[in-house]
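Here come two complexes built around chain A, the first alongside chain B, the second alongside chain C.
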Partner chain A sequence: MTHPDSDVGEFAVATHGLSKRYGRKLALDEVELRVPEGSVYVLVGVNGAGKSTLFKTLMNLERPDTGAAEVFGLDTGGSGPEVRAQIGYVPERQEAPYRYMSCARLLRHAAAFYPAWDHAYADHLARALGVPPEQRVGGLSKGETRRLQLVMALAHRPALLLFDEPMDGLDPLVRRRALALLAEHLADAPTTVVISTHHVQELESLADHVGVLRGGRLVAQMSRDDLQRTVRTYELEAPEGWEVPKDLHATALRRSSTGRDMRCTLVGEERDITGRLLAAGARVRGSSTLALEDAALAFLPEEPS
Partner chain B sequence: MLVTLDPRDERPLYLQIVDQVRRALLVGTLRAEDPLPSVRELAGELVINPRTVSQAYGELEKEGVIYVRRGQGTFVSPTIHPDRQERRAIVRGVAERALLEARRNGLGVEELVTMIEEVAAEDRGAA
Partner chain C sequence: MTIAPTIQTAERSVHGVRPQMPRPRDVLREHLHAIGYALRVPMLIAVALGVLATIILAIQIGSGDLDYNFLTQPSVLPGVIGALLPVAMWLREERFGPGFLWTLPVDRRRHALLKTLAGWLWLMGGVTLFVLSLLVLALVSGGGVLPVQTMTTLTDALRLSGPVNPAALQTVQWTPGALIWAVPFGSATALYLLASAIVLGIRYLLRWAIVLVFLLPIATGATHLISRLSGNEWLADMPARALVQLVEGRFGLEALLTLRTWSLDNRATLTTGERIHVWSSIPDLADWRTAALLWTVAGLLALWAAASRHREERRA
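Showing the complex of A and B:
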């Protein structure tokens, strides 16, 4: 498990030095994304970190300034249509095309573009997610539009799903049902998923890879097992006035009123960290793993409040 | 058998599933030749990655607890003896969790064992 490259073999998605600038803002900065085939890869980052730009570049809806992106070994710039045929994309923006069509008609229309479209499966998904078949697309609520997009993305069983905030606008019950459908979908056919969300805890049990984007840079990327092994909360006993060594980059630091008890999140192999803390004069009373979301937050600097 | 996962449990999810199957065997809610839910069913029900379920089932198969009947699904082994290996595995898990909790509270092993016996004696007295 420590060598994600060796046991998965191929990458479904890979970017090489991918950069994109909007005016003065660097939206993507030398991004080296590696999504192993068959993984559920969660992209974490605050608004404006570059997640949506990254998705659009993979869909060839945006051209990178420098660098390249590959999907199943195909260059997204040179083979846009071939690449898109293998992708089920749910964009962040809530606009559905063909507003005058009924939902049922739009699904039949979409089916014509995908040889692999599974009509029975599309019906099953639409019913399970409560997509109103006779309703016009233009009259759908935000949540209903989202559900329709999910049906369209899944019904042709693409090898790659690109989900940009897919649960946005869905109520908690539908969110849970959508995630259960996704879990079943993954059991039925080998599928790679790249998914961005503001609710990482919802994907706690589905994700097996994590990437953290900060200001356009991919600051962390690893398997979920590696993330949870190397990002830990340490309980420390230290002399009064003791400080965590700067080079350990502690986050989520808390200390008791006496200053003798401390708790902080540190990134690194547990034995190495424990040794360095001991050498610096603090005793580790224990350490524990964090929830996926909290572990990912260790790579985002704390905003001064 | 109903599988429930505890988000506060630090052990990997697949091990939690393995333990729940063991527990079900021990308690008797799961018996020899009973069918287990399919990977798809359990993944959808628990909203977890199907790979995690496969990993758990793989582990149980390796231990001889369950077996796969081609095209029919996964079943509990006909020769299962939950009283031996399963019991041991479960006791071990409980002990590990108790020890971890004790260590976190700055307690030693002897203190913990003594107190477990004390509390158990009180329970017996009360019953």
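Showing the complex of A and C:
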């Protein structure tokens, strides 16, 4: 359920049939990512779904087996340095480089590679996130390392932020502060953000678009409004043994039933779905929207009971 | 359900705008700073040892026990440091994989070469201090910076295998040219390049070291077998001979490091029973120049190949 668009120039990030395989495991499968410029795009998927591989491919740290990726119209394979110059990247791993350096020295080191580095802003971010300037990087906790990574990603005010599980390892208070800083950052300079997370609800106020990766495939990609409008839970009354029509199976996401009552989450325009359910013999008692996280998670396989 | 860009007229549309890139000289300067920072502890230890050595030598010079001539043996030390420096520089990096260095906005092959250049500049700075200190030592102690060496040589090197007739000995004067001052720089540079290539180009160093340890016996066994089957005895010791050439040959590693002053300087027993130093031939600076050139070119080629392993993943 991805939505290719030929008008690639309008997108901050666009991938075209991006595939990557590690041995037998298909990490990315014909991914057609479209991230509108200026949007906050939340990428959802279980561990191993391909989110980190996708980020590394955008950074030109991994070569795709097939397909291509563009960042602001630049091919990531052909213009790796120019692409990376426009990206603030927080990798999944909470390991900062150069453990022997102090945090302040590491920030100065990173600054040397970004002519646009804003030292005053870096100091502000470090203070706000509680990064201890004289502490050796090797002595930082995971959370502190993550905060340092966030400062390094934001301080050169890149046009694109690639955040791979950025809130992992942060305590709730720092999470809240980090999100507030991100919101401030976005308000100061319109920035495109692609952020992968297991905690979509935390980004509810920021997210514009949502993509869902499942087994390397981008199974859903749409605006937040579309997602919340089209992914709905339907309460049905149906005869014993009634099944969701096969033509809705492709989009029938989750279901639970008690006797003749049934609840299922389906994707599609409400009127169309309701009509098809009625035609199939079920009576629709009502439907309701889902929270953003629930709507996104509806595309993921249900956990085995 | 095709998605439309939410901010079509973003205040900061970066399409078609060339991003600001770091200048190569800024990258080099930062790596110079970073390497200095990373190696500050070993450098402090080296300075402390240098001060200690100076004090000891000053005492010896003061008591007239030392008459130091600038010779090539100490250039083994810069060579060894040249070989170890890349290990200290690169093993802290995630050389393979999505390490921090490779996430920076610099062409990756160029970045690897710039960092290597920064390390080489530090090395040359250190070697310059080292050579200057030796030259000062030679001058202060009353020795020579280009000393004339009196050497005992043999007319026939083969006779070293048994007691030597004193009549077969001759005394020669060897005056090394100023090129001898370049030996520490050349040996350190060549070994630095080769070691950089190894560290930068080989992912699993230990695995390859183990392979090499087993390679010589396996190759020797194979050539022995082939020699026995073919009746060509010359083949039998070929791997060992090749290794000896690589180390002790005319243009081998020892020539690079010491002008072959280790292998040419032998202990011989005279027919009178006396044991003396006998040089099998005089060190040749022209040979050193060739060795340095060969090893440096090999190092540069290897370094280019190693850095190319990290090049940007360009598609056709």
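Everything below uses one rule, namely that the second predicted complex is superposed on the first by the 281 of 305 C-alpha atoms of A that agree within 3 Å, B and C clash if a C-alpha of one lies under 4 Å from a C-alpha of the other, contacts with A are read in each partner's own complex, and residues count from 1 in each chain.
Keep this in mind: a residue touches a chain if its C-beta (ideal position, glycine included) is under 8 Å from a C-beta of that chain, and two chains touch if they have at least 3 such contacts.
Note that the structure is predicted; figures quoted are calculated from it, not measured.
Three-chain overlay on chain A, with chain B and chain C fitting side by side and no clash. Once the two complexes are laid over each other on the shared chain, residue contacts for A:Gly286 go to chain B alone; chain C is not touched.
In the superposition on chain A, contact of A:Ala68 is made with chain C only, not with chain B. Of the two partner chains, chain B is the only one that A:Asp188 touches; chain C does not reach it.
By the touch criterion stated above, A:Glu243 is placed in contact with neither chain B nor chain C.
With chain A as the common frame, chain A serves as the apex of an angle whose CA-centre rays point to chain B and chain C; its value is 140 degrees, to a multiple of 10. When the two complexes are overlaid on their common chain A, residue A:Asp208 makes contact with chain B and with chain C alike. By the touch criterion defined above, A:Ala180 lies against chain B but remains apart from chain C after alignment on the C-alpha atoms of chain A. Touched residues of chain A, counted separately for chain B and chain C, are more numerous for C.
Of all Cα pairs spanning chain B and chain C in the superposition, the closest are 9 Å apart. In the superposition on chain A, the residues of chain A touched by chain B in one structure and by chain C in the other are 38, 208.
Across the interface of their complex, chain A is touched by residues 5, 7, 10, 12-13, 38-40, 43-53, 103-104, 106 of chain B.
Taken together, the chain A residues at the contact with chain C in this complex read 1, 3, 5, 9-12, 34, 36-39, 56, 59-63, 68, 72-73, 75, 77-78, 80-82, 84-86, 89, 91, 96-101, 105, 109-110, 112-116, 159, 189-191, 208-209, 221-223, 226, 230. For chain C in complex with chain A, the residues that touch the partner chain are 1-8, 10-22, 26-27, 29-30, 33-34, 37-38, 92-94, 98-108, 312-315. On the side of chain A, the complex with chain B involves touching residues 38, 40, 176, 179-181, 183-184, 186-188, 204-208, 225, 235, 285-286, 288-289, 291.
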